[in-house]
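Below: a set of structures, written as structure tokens.
Both of the next two complexes hold subunit A, though its partner changes from subunit B to subunit C.
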Partner chain A sequence: MAEGRPMQAQQTQEMKVATGDRPILPEGARTVPIYIMGKRYEVPETLTIMKAMEYVGYKFVRGAGCRGGICGACSTVYRKAGDYKLHFGLACQTVVEPNMYLTQIPFYPANRAVYDIEEIEPTADSVYELYPELFRCVACNNCTKACPMGVEVLDYISALKQGDIARAAQLSFDCIQCGLCASRCMGELPQYHIAQLARRLYGKYIQPRAEHLKKRVEEILSGKYDAMLEEVQRMNREELEKLYEEREREPDLTPPGAWMPKDIRYL
Partner chain B sequence: MKVSYYPGCTLKSKAKNLDESAVAAMAALGVEMEELPRWNCCGAVHSLADDDLIHHVAPVRDLIRAKEQGAEILVTLCSMCYNSLARANLIMRDDEEKRRTINLFMDEEIDYQGEVEVVHLLGFLDQRIGWSTIREAVKVPLRGMVLAPYYGCTLQRPRDVAMEPPGSFQMMRRLLEALGSEVVHFPAADLCCGSYQILAHPEAAESSSAVILQTAVQAGADALVLSCPLCDFNLGKRQASLLEQGRIEKEVPVFYFTQLFALALGVSPDLCHLELNTPSCISLLKQKGYPFDLDEAERV
Partner chain C sequence: MGYTPELKELIKRVEATRPARLEMARRGEHYPPLSLEEREEVLRKYHPDYQKEGRRIVRVGPNKGELFQNEVADLLESRSMVRPEKVDLSEADYDTDVLIIGGGGAGTAAALMATDHGAQVIMATKLRHGDANTMMAEGGIQAATQECDSPFYHYLDTMGGGHFTNRPDLVAALAHDAPLSIAWLEELGVMFNKLPDGRLDVRHFGGSCRKRMHSAGDMTGAEIMRVLRDEARNRGDRIRVLEFSPAVELLLDEEGKCAGAVLFNMETRECYIVRSKAVILATGGFGRLHIKGFATTNHYGATMDGVVLAYRAGVGNEYLYSTQYHPTGVAYPEQNVGLLITEKVRGLGAHVLNIDGEQFCFPLEPRDVETAELIREALERGKGIVTPTGRVGLWLDSPMIDLLHGEGTVRKELPAKFIQFQRHGIDISKEPMLVFPTLHYQNGGIKINEHAETSLPGLYAAGEVVGGIHGENRLMGNSLQDIITFGRRAGARAAQYAKSGVRIKRLTLDHVVKFEKELEEAGVENPIVAPILLPDYSTEDVRGRRWMDGVLEAE
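Let's turn to the complex of A and B:
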């Protein structure tokens, strides 16, 4: 970015289309001062941090992804003037406030263990072997305080220390892998990678399987439906329409097992 | 009666035989051990450095959770958890400066001043249930068994959090006698089992544990009874290695006090998870001819 040049002006000239949070301010629009990496900018008060940064001239090559609050690419740390507390949010979801001091932390280094999910067992010991640093946790709770998704990070780390993979998987379900937990950890844990391992073990080995789905897949593979499909494929448009219009349909809210079609050839 | 209960991580993973037998035994006495809905590691080892407060944060957070539940007392079982929770509690109760620092650090939590009392289950039985009540509740007296209570380090040290005064050894004796057993005190009952030295200096730890097991046998004990998963690791789970090295002469059954407690109260052996103990435990119970169905435990 060019030193000293007002970026708003530069952007305004280059951009022709003003959509949504347009760079040309409507008359009477209010602006608020924010500090991006220590530099002051005046931005329209209703923008998200991400839009505000683009408004003042930043162009994201990293640190922006879905813009919908779920990909975890735009994690942002900020303080408010006069407040000792650190605040955390996603740039694409957090609306600017006057005098916020912010920086984005789109990536935070955290060791990720390498494993073959087919080879490891769904036991707490597997987690401990891959991530022994789990036991460096001192329960300071900085991880939970840092989570922009409101995940109880300390609680899922505790669940793993208690050997409860299922609970850890459930508690960490909303994790978007942004890494802010790891950035604040005094035990230097890579929480979000550990949680991902827990969810993988849970999904593959612990979560109950849908038995009816397995049965249906077996039926399909055994060729049970091949002849029916071929029959339908051979039909012309008129025949297909007739078949559709004359189809039998189970009435709404029928109790299970109370209705049977008249044509039971395919059951 | 309901009482708030802090199990501890190991009781939920490697030492289910301590956790589940205790909960079942207390249920048989009409006491519901209500596990804290949220809890974290107790800190495991109490930090002695005067300016190291961060390592008290974990136990204090657990005590705050208990306070949030409106608990006046928090019952726990594992000797290590008991020790670290009780010592952190003393700091929060008695040391104004440290209390202030820790409460400030915990800024999003409620303030804590040591309001909850940390009680070991044996102390709870002594003070709130009474040994005569337990004696009357026994369905299968454990007659004919000579048991050696092993206290280890952390139930009685330091003095200001001691479950009972160092050198006293009465609580486990009273419980086991109420269950119908004969109890023998042996002079190694409060020696260190080797503790975490089993990781860095296994030989030193094995010397310590061998002395304890040998002394108990010499005192005429059929089995050792204890309250700590780390002691059980060194004294129970490491026995195969001790035997192999010739450090002990025979296998010594090692029970958690809660397992014998539950069995005597008529709790199903399945809930005592004897399969997690050394095999000699089941052999001893069979040999004594108690009417327990131990086959299931043996199969697991």
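Let's turn to the complex of A and C:
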């Protein structure tokens, strides 16, 4: 479908509507000039940078991913005419502005340390050993300014310098690993890789484990539910529907683990 | 930003009818729901899954004679990117135990399990490792981990949600493994929401009898994906990731076993031969086909590649006629188009309105019915609102929520949506939202058994690319669970098979030659070339100026 099928408006009507992700310019729609890597194009206002680039004919191989602001594929740096200031954003989330000069940074080389999650000690020293460059941070805060997700990057790096893995894990949770922080770092830190390490250490070793889950796993591995699942697979539709209708519903407001149903045959 | 003056003018019509509608809502009156007969009719006429128009019988391959959406049928009747006579199969560029095609949640879970079972893995992915719908799943992951719950009830809820059309063996596998998957993810360091004592926090969801939805903030899929990817990167000596290198054809050996794939480097346009003892397809869904022109919640690469590759190798699919649409996707602003607006907005009392500010449907019909009614109003009756980028939408009158439940309710109940629109200059507690149905999930796919095996020896499949687990309707939170459960099963099984002494004989693309001959004999004219790999969003104007393309295509 390289030619891109022109998606027709639905069968019964004549109005032309944009479909999929391809915009159609209605009559009288306003356009604005933008400069893609220095080259001027006229694009409809209200488009995102990503859709504006597609509108003028770019087809992304790199630089597009989820198109919903969560995957970090479309990091973009831009400046506005007559303004020295650099701005940072995701191409799929940032709306074009007149006379913006932009380029994408779809990949940034950053050092990532290899480690064994089973062997590693969940301590700050482990983090320092894997990422000694952590202490090259000069607290300039360029990382935080560049973050398109509003993550307090410098704060989590500082937390790690102080040995607080849990705080770093929580502060960095919204990170989408786009790499813009690393691209702006004077100390050449790979912030987002360090944060990933902190979050895994926290999730595996620091956050308390779910004891009820451990028990459930043992029950499953002991075969406790095998017969039940075989029985229910053999049921005909009528029997299944009856059981389905008769399900007891856990109350909305009771906290997890506090309620038990009357019928405990299948627990 | 915010609404344009033209749209603001139209919002006045919504505001004009609002006081009377609020009075109605306060009296507990609502727009009358459809009768069962009316439901059936609106579904039949306007729901993409039910419409006769836009579907056709597929004339070739394992599902020959079955009805599919045109966009899907075109791909099932497509020809290969590869010209078999030009390919030198005598030497492989890569040799491995397990080749995994797709770098999302299912593929990465499979890669980790395959290495646990001693296999060497190559993972070929079209975009970057982790570019997948997994990354975008916000809601959560189901598993019966609590004392009041059990795999039995997970099974029952899932079957009921799928109108009892699901494959029982696959649902049993899902329900059985789900807590094991959660424990595995916890072990890998996924930061699940927990109570202070470590108990997993769980919530209800549509169709659940027990609280079974686990989450990690409001980015559960992203958290799972980045942890799995991080672990795969730690195993770089055993998992080699080839990015921007989608598979464009499977390879068989002369004994008819699956034995590798042809990869296509999208940046250099070279092809590579991978010879592998086992192959796992984990390429995800088809949202980017924009079936019937719908916007989608899916990521950029969701183009049904795996189903196409398997089909030419003789592996059919199940339930692929069934697509999950969500009635209220964003139609404006452009940067949010296609993203979901939760049912909760209507649950809190927001009316759905046409361009004149009039109600035209009961706002809480079942999803498929609601979808059909919105389509009818906008497209058949011409009562939709056209946006500056040429989209059509209908109003979702969110300001009613604060007026009905008190100031601040929108902010409290819908924090993420509030921020998402506020970022673009729209205060949804004061201004309505523009919505239109959006394509969300591929319910069907490659036919597998409970071990994630396909009918082709050596070929496995997992994730959104497979069918049967969800029947004709998927429950929230079962997709993230399905990629982990079946990804793990596929990885373990494929590694065991690869290590069991299987020997790959001479490689062949004869199945492609045979399939293309079948196309010709069936009279399929001008079959498209697939997998399409990426959607094309260039405008007609731009395409019209690509004069060179016409010359090249004519050769």
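FYI, the second predicted complex is superposed on the first by the 215 of 267 C-alpha atoms of A that agree within 3 Å, B and C clash if a C-alpha of one lies under 4 Å from a C-alpha of the other, contacts with A are read in each partner's own complex, and residues count from 1 in each chain.
Here is the rule we go by: a residue touches a chain if its C-beta (ideal position, glycine included) is under 8 Å from a C-beta of that chain, and two chains touch if they have at least 3 such contacts.
The shown structure was predicted, so the numbers you read here are calculated from the model rather than taken from an experiment.
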Touching partner for A:229 - first (subunit B), second (subunit C), both, neither: second
Which superposed partner A:31 touches (first subunit B, second subunit C, both, neither): neither
Partner chain in contact with A:140 - subunit B first, subunit C second, else both or neither: first
First, second, both or neither for A:126, with subunit B first and subunit C second: neither
If touched residues of subunit A are counted for subunit B and for subunit C, the larger one: C
First, second, both or neither for A:99, with subunit B first and subunit C second: neither
In the complex, subunit A residues that touch subunit C: 1-13, 15-26, 29-30, 44-48, 51, 54-57, 59-62, 64-68, 70-71, 73, 92-95, 112, 114-117, 169, 173-174, 176-177, 196-197, 199-205, 207-214, 216-217, 220-221, 225-226, 228-230, 232-233, 237, 240-241, 243-244, 247-250, 252, 255-257, 259-261, 266-267
Footprint of subunit A on subunit C - complex, ascending: 1, 4, 53-54, 71, 74-75, 127-128, 130-131, 135-136, 144-153, 155-157, 159-160, 164, 168-169, 172, 175-176, 179-180, 182-183, 186-192, 194-202, 204, 209-211, 217, 219, 222-223, 226-227, 230-231, 233-234, 236, 244, 266-267, 288, 290, 292-297, 299-300, 333-335, 337-339, 375, 379-380, 382, 384, 386-392, 423-424, 528-530, 532, 534-540, 542-543, 549, 553
Interface residues, subunit A side, partner subunit B - complex: 124, 137-141, 145, 154-155, 157-158, 161-164, 186
Footprint of subunit A on subunit B - complex, ascending: 9, 12-14, 38-41, 43, 54-55, 57-58, 61, 105-106, 108
